[in-house]
Amino acid sequence: MPIQYYIFLCLTLFCIGIVGVLTRRNAIIVFMCIELMLNAVNLLLVAFSKMHHAASVGNNPATTAGIEGQLFVFFIMVVAAAEVSVGLAIIVMMYRNTHSVDINFLNRLKN
Amino acid sequence: MGTIQILFYFLSALAIFSAIMVLLSRNPVHSVLWLIAVFFAISGHYVLLNAQFLAIVNLIVYAGAIMVLFLFVIMLMNLNAETEPRKHIWMKLAGVVSGGCLLMMLISLVRQAVEMGGKKAMMAEGNIGLIKNLGHALFSDYVVPFEITSVLFLSAMVGAVVIGKK
Amino acid sequence: MISVSLILIPVLTGILLFFSKKAAAARTGALLAAIATLVAAVAGIFFLSPADLSFDANWLPEFGSRFRFSADGMGKMLVLLTAISFPVILVAVRKNEYRNPGSFYGLLLLSEAGLLGVFLATDALLFYFFWELALIPVYFLCSAWGGEKRIAVTFKFFVYTFLGSLLMLVGILYLYFNNPQHSFSLQSFYELKLSTAQQGFVFWLFFIAFAIKMPVFPFHTWQPDAYEQSPTAVTMVMSGIMVKMGIFAVVRWLLPIFPAAAASNANIIIILSVTGMLYASLIAIRQDDIKRLIAYSSIAHIGLMCAAIFAANKTGLQGVMIQMFNHGVNVIGLWVVADAIEQQLGTRKFSELGGLAQKAPVLAILFVVMSFANIALPLTNAFIGEFLMFNGLFHYNILITAVAGVSVILAAVYTLLMVQKVLYGNTSSVTENASETGGNIKWVLVVLVIIVIALGVYPQPVIDLTNDTVSAVLGK
Amino acid sequence: MNAIIVSALLGVVMMFTGIISQKKSVHTAVASVGLLLLLLANLLNHYGLFVIHVDTRGMFNFEQFGMYFNSIAIFATLVYVLLSGKTIEHTGVSTADFYALIFFVLCGVSILSGFNGLLMLFLGIEIMTIPLYILTGADKRNLKSNEASLKYFLMGSFSTGIMLMGITLIYGATGTFTMGESNVIGSGGLIPKTSFLEIAGAILIFVSMCFKVSAAPFHFWTPDVYDGAPGVFTSFMATIVKAAGFIAFVRLYENNTAMLGPTWRILLSFVIISTLLIGNITAVFQQSVKRMLAYSSIAQAGFMLFALYSANDLAKEGILLYSVAYSLATIGIFAILIKMKDYTFDGFNGLAKSQPLLAFAMAVCLLSLAGIPLTAGFFAKYYMLASVVKTGGSLWLVVIAVLFAAVSAYYYFRVIQAMYFKDGEAELMELTPAFKTGMLALAVLIILVGIFPTIVLNFFYF
Amino acid sequence: MSKLVYLVPLFPLLGFLVNGLGRKSLSKPLIGMIGSGSVLASFIVSVLVFFDVKANGGTVVTLFDFIKADGFTIPFAFQADQLSALFLLIITGIGFLIHLYSSAYMHEETEEHFGRFFAYLNLFVFSMLLLVLGANYVIMFIGWEGVGLCSYLLIGFWFKNNDYNYAARKAFVMNRIGDLGFLLAVFWLLLKLGTVNYGDVFANVSRLSSFDITAITMLLFVGAMGKSAQIPLYTWLPDAMAGPTPVSALIHAATMVTAGIYMISRSNILYTLAPATQTLVAVIGLATAIFAATIALKQNDIKKVLAYSTVSQLGYMFLGLGVGAYTGAVFHVMTHAFFKALLFLGAGSVIHAMHHEQDIRKMGGLKKYMPVTHLTFLLACLAIAGIPPFSGFFSKDEILTATFAKNPVYYFAGVAGALMTAFYMFRLYTLTFLGKFRGTHEQEHHLHESPWQMTFPLIVLAVLSVAGGWIGIPEVFAANAHSLEHFLSPIFADSAKLGEAHHLEASQEYLMMGVSTLLIAGIIFFAVTHFKKDGVVTGAEETGIGKVLENKWYIDELYDAVIVKPLNAFAGFCKSVIEKSGIDGLVNGVGKLVGYGSRQMRLLQSGQVGNYILIMVLAMVVFFLVWFNDATIYQFFNKIF
């Protein structure tokens, strides 16, 4: 597939994630939208990885060019998992204190 | 149009549609489910790209572990459609517009990026996505970052404990 | 070496005094240190070889900055002024009670060190350091021991001068990086060949800093408030010595480095200064407070000095030199009187004063002499300075001199108004029980009056002392 | 490498210390010793002595610069723990865990000072920030702390997303994550406009780095988080972590002389000016010293950004000195602030009378932040301004910075005014003599650096 | 002897120091003796100097270099020549008499103030001597301002009265206006010639352009206007009568106010070369002479009449200077010093006797109580009126004759002024000494002749007033009779060379003298008979021109309305509007703006994550836009700086 297709797709997903962050007030949904953004990045990385692979595989069929993109995705997943554990812990902590997951509910810190 | 193209379009449409539905669903549980659908679509893409390892991991880690965690939390809190107050309409509009602007900006950039022209992602071929190759790279060239992620996990673990402790 | 001791004596004593709890000990210690500094200064200036006033040590080699001290004639004169002023000030305020006397006198001595450093430093970075070192203690002094509105007023003063010095810092950096030797030394700055365009912008960075310090119209508004609100000892330091920093800096750091810009901007600056002279004189006429009146009068005098500097001829500059010293002496004398009155009667308002000449004739006479020195009557020291400065200005432009000359008339108006309102007429309810002032103040004033008359009759020593600076600055 | 390994190990050690001993003072003691060890290990690194020899396969590039910074960060943390250890003990039950998290953060800091390649940058930033989310929320019962934690977490993750997209776009254009090979970042106006992908990626990374160092207009998390987090941890975040962000930022751009291209500078000057503007101006009207310090940290970030703007040797030296000066002063101020009963300006009224020594130390710290000569802060600012002037242009930017520096004097001096010139009873929690001595030593250190900045710099350059 | 000329000012200086510092411990007689004695010593030295000069010509004594600056040296030098020697005699001679007089007149004062008075008087004599002795314009200026200072101090001698203080201040400030002109002239000389020494200046006049000379002389004349109370700067002199009467006699009649004449005579060569200035001097002098005379017609304060008379006489002197009759002007200075000092001292004697009553409407018939005073006063009146052979006749005649040669209009106007002089002087004389006493019984009871310290000076001065003119008998009467002219001729030699010689016909001169003397005698007769009648003096308000004259043409009010009030108002405007709201307002406004900005900018920090991220996203969009809109903005900025 032409790489542009993937780029467009991933950017679209990424921006949908951003719009979600901007438009929702539920902390969990906001967090999920951030995960969506990460996934868009992941897909784009894999696509790029295959693109770079395709570029160099012609010269050397045994090349592992492009593999770093996929490994990066792996690390992103690791980080995302860690983030989720911490993030959900924080959200639960907040819920325990306020019985709300509305990000605008807590509004003591401003100005 | 070959199968791969059809599949690509189908998965793309599915991903985008599901992603939009994540935003639009009033009920958080539905959102989670739609998001899982997105993850599935993306996993499908991975398969198309012959990134088998990631496809599996994505399903297991994301769709499986992470999203289930989300579901648990949501259910634990007993959230439903009514619990989320709605954002002001102007705020929503502003969010959509600015997100849209960013998208248009990025896309126009990519369209002008001539060096991307003609480049293709290798579909269903190439073996770098195989577990064997990935594993080899991970434990040779990438062993340091791999070890370092353990620190990340440790800290996340300690953090979760600190937060969770009474 | 002696130059370093000039700094070290006040700094070390000042720090020591912070720990002294007893007022008497603090007073005496400060006075002794100030006198020791004076002795060192006199020895260094008159009795030792010029090399003794120079000092050069490694400080920040990576920056091209060295701990360089040396004094030309102007530096010597101002060092002398500082060294004389501090004992005089300390004696004059000896009877005053201050909270935390240790800190008070300690800070005063620190400011002395800063001032001496400014006058001695020949390294731009060092100069900047001392420039600020002189400011900070004064800020604390004013804010802690000042009048009712002290915090806001001194803060305005502080921010104003701080802003100025930061702009100067930018200017210094600019010169530094345009300097092939990568050195902060004054000499290397003098050797810079800056294009007219380069001079134009950086000149103002420096000038604004100095103009705020002097202060030149329209950068002066911090000054009357600060003088009014500060404890008088500090006001004396500020107006007697600190404002000289600005003038000193213009002569030493501005004119020789930016000759082209100074020449092309001279018109603007002279017109500003002259406007300031008249403006301040007019405002002084309408003041009801001794301190504010003296403050505005000081602005007028400084305006003349600034104008004379930029007239850029030897006569005018010579006048500026001598006037720097004389203005210091005179204005300190006026503050001493103002303080004596305020300490005794608790007011500085003309409307509440009057008839002091009956109650305190000696003070009255000394006050009158200082006042006439303030309006530059011949045979007082200020006449020489004003004569030379006006003369220099005359060489620059006849019309401007004539306009500036009006301030001479206005000076007579407001000074005599002050004399009349304070000394003459019948006693008021406040001054009814006034008595002759204390011995310390009398003797301080007598010393000042002697200086005033002596330099008024025979000013040549000061002229000779500073001649080298004048030729050097204008020779460039 | 030593620092990364040792700090990770020490983190684990701290976790176990928490299990072995319940005495909080023991935790602090162990942490202090650990920090000393860490400092030692890092110093050894300078001489080429390693704990374990690791082949990083180009993932790291340990240079002197990064290691100097490590030493600074570890030293600052040591100072921080010595001064505020008591308060950490009072903050929550899990003292040992807090220390463990701090060690993990230090691990992240060490990664950021030695990373080579965008992968390690990403991992370093995550390792550094994830413990901070926790520390911010450490005061679990406090809603402010909760709120701060949540805000920080959401915005932090969002910026991670932005950064990842940036990295990905660059990868797409160049096929590598290693910085040496991708000369993208900052090559600015010099590269052909066809590399739009790279530029877009670079901008996105720039944005997320700006977020990390709280440069406007990506600074919004800073005041809220700094204000909501427990004071001790704010102190840590505002100093060491922030400085590390800058080091990462600088290292990201270093060796890219091409970055001096004009367009980058437009973006940077826009960011610098708005950071200075927002940081300084907003700080003016704050009533709480803690929140004022949050804004002031933004303002200081504006100054530190000059190091990026000028990107020369002076800037690199300067950012180190700035880190020292800024961190020491801020740690000092926070150490006193968190002992105060009242965080507002009025709470400081009359402190000079009841605690002259502390007031003096605090005043020195504040003067240093304001950049008054004879304090370390002066030379920090000096370096920043000098580095820009050295580039030979942009004097206007320096003048603007200087104007804002004058504004900054306003809010720093408000505290001094409150302490020295206003009457009141400033209330403090109980103080140990050791604390006072520590504060005095800190003040002396700040003054010493202010007179002889080369001591610090020469120390690092051996 | 001329080498010792510095002793002349030295004695009064010592007297000043001794009296000033020791005024609390010395007794009144001792103070009086020190004060008078020091001036007497000066007088003796002056006499010696005078004869030395007469015999051997002038000399310059340099004490030390006062200012040695770039390009010029101003020595502290004294010049003893004919002109200064003459002035020395006048100053020290009359000064001594007045000191003597004062020791009695001021007797009521306490020791301290008595000492202060003598200290001031001595300081004045010192300054005045400096003024006339100085060998350059700067030393003259020192004396010039010094006498102003003493005038200030002495006018405000009774400092409890704020009106007096105001008068003192007014005198000083108005003098300062003139001084500024003087100073500018000095600068001009320094600029063009690089020297201010008389000798060098006068030798180098050729190096000055005519514009320079005109400007310098005009500026110097401004100085003279202030010091010598000419229109428009004359109003301080009548007010200066607030001071003790001996002060008025010494400073405001005999010596200080003639400083302007001295200065112009000294610079005569410059003025001769500046015809425009000469015309101005003549016109101003004449205008002042007549204007002040008209005011004097209607004044009722004995000292005010004399004050306006002084202004008027000074006007004559300037008229003389303006027409080039330098000798005449100096001559008139001398005779005027005699008779005006005498008049003031006589008036002082009257006031002393009347217990500080100065209104002539409340006097009358004092003749029988104070014979000496009366007689001397009468002689002085005759002298000032210009009756031959009293001194005033000769000097005034010399001036008027010179004016006729220059321009007959000056002459006729001058004669008219002389008639008015005669009228108001005899009005004053008659109201004071003739007729019936109009004061209270209390006052009448205490009327007495003054002690010898006061009458002795009166008698001496009366003799001088009568005979003083004989050293300047016009050439018409006898060749070489004008010894003064011969004596002064070296001073005016250069001017004389340049000036065209215009001698009138002897018959014409006789005619003019005769007619004017007759007219004056007629006026005197009219005045005496008119005012001798009882009931001439009524309390009724004057009307019409009389009222205007009584109110001094409302000049003070005019100055107040045109200069003082607007200036004050403008100063107030500067203080409260420009300073407070304008400049300081701007400075504080910046502070307020920052505060306002702070409060507004705070609102950006809304506390809502959504908003924060929204701004971040927008900023990103902006970044992209900026990037792809080229580097124009940046280049724009860098071009500016």
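Note that the chains take the letters A, B, C, D and E in the order they are written out, and that residue 1 is the start of every chain.
The rule we apply is simple: contacts are C-beta pairs under 8 Å (C-beta built on N, C-alpha and C of every residue); 3 or more make two chains touch, one makes a residue touch a chain.
The structure presented is a predicted model; accordingly, all values stated were derived computationally and were not measured.
Participant: Which chains does subunit B share as contact partners with subunit D?
Facilitator: Shared contacts of subunit B and subunit D: A, E.
Participant: Spelling it out: a chain qualifies if it touches subunit B and also touches subunit C; which chains qualify?
Facilitator: The common neighbours are D, E.
Participant: Suppose chain centres are the mean of their C-alpha atoms. Which chain sits farthest from subunit C?
Facilitator: Looking at centroid distances, B is the chain farthest away.
Participant: If you average the Cα atoms of each chain, whose average lands nearest the overall Cα average?
Facilitator: Of the chains present, the most centrally placed is C.
Participant: What's the farthest chain from subunit D if centres are computed as the mean of the Cα atoms?
Facilitator: Following the centroid criterion, the farthest chain would be E.
Participant: Between C-E and A-E, which chain pair shares more contacting C-beta pairs?
Facilitator: Between C-E and A-E, the larger count of C-beta pairs in contact belongs to C-E.
Participant: Per the centroid of Cα atoms for each chain, what is the distance between subunit B and subunit E, given in Å?
Facilitator: Between these chains, centre-to-centre, one finds 101 Å.
Participant: What is the distance, in whole Å, between the centres of subunit D and subunit E, each centre taken as the mean of its C-alpha atoms?
Facilitator: The mean C-alpha positions of subunit D and subunit E differ by 77 Å.
Participant: Please work out the Cα centroid separation of subunit A and subunit C, and write it as a whole number of Å.
Facilitator: Each chain's C-alpha centroid was found; their separation is 66 Å.
Participant: Using mean CA coordinates as chain centres, what's the subunit A-subunit B distance in Å?
Facilitator: 5
Participant: At which residue positions does subunit C touch at least two other chains?
Facilitator: 201
Participant: On subunit D, where are the residues touching two or more other chains?
Facilitator: 119, 123, 126, 130, 133-134, 137, 140, 151, 154, 158, 172, 199-200, 223-224, 395, 410
Participant: Mark out which residues of subunit B touch at least two other chains, giving numbers and ranges.
Facilitator: Residues 87, 91, 94-95, 98-99, 102, 106, 109-110, 116, 142, 145, 149, 152, 155-156, 159, 163 of subunit B each touch two or more of the other chains.
Participant: Report the complete set of touching chain pairs.
Facilitator: A-B, A-D, A-E, B-D, B-E, C-D, C-E, D-E
Participant: Under the touch definition given earlier, write down the residues of subunit A that touch subunit D in their complex.
Facilitator: 3, 7, 14, 17, 21, 27, 30-31, 34, 37-38, 40-41, 44-45, 48, 51-52, 55, 65-66, 68-69, 72, 75-76, 79, 82-83, 86-87, 90-91, 93-94, 97-98, 103, 106-110
Participant: Please output the residues of subunit D touching subunit B within their complex, sorted ascending.
Facilitator: For subunit D paired with subunit B, touching residues are 4, 8, 11-12, 15, 54, 56-57, 59-60, 92-94, 97-98, 100-101, 104, 107-108, 111, 119-120, 123, 126-127, 130-131, 133-134, 137-138, 140, 172-173, 193-197, 199-200.
Participant: Where on subunit B does subunit E make contact in their complex?
Facilitator: 87, 91, 94-95, 98-99, 101-102, 105-106, 109
Participant: If you look only at subunit A, which of its residues touch subunit E in the complex?
Facilitator: Residues 18, 21-23, 25, 30, 103-104, 107-111 of subunit A touch subunit E in their complex.
Participant: Quick check: in the complex, which residue numbers of subunit B touch subunit D?
Facilitator: Residues in contact with subunit D: 106, 109-110, 112-116, 140-145, 148-149, 151-152, 154-156, 158-159, 161-163, 165.
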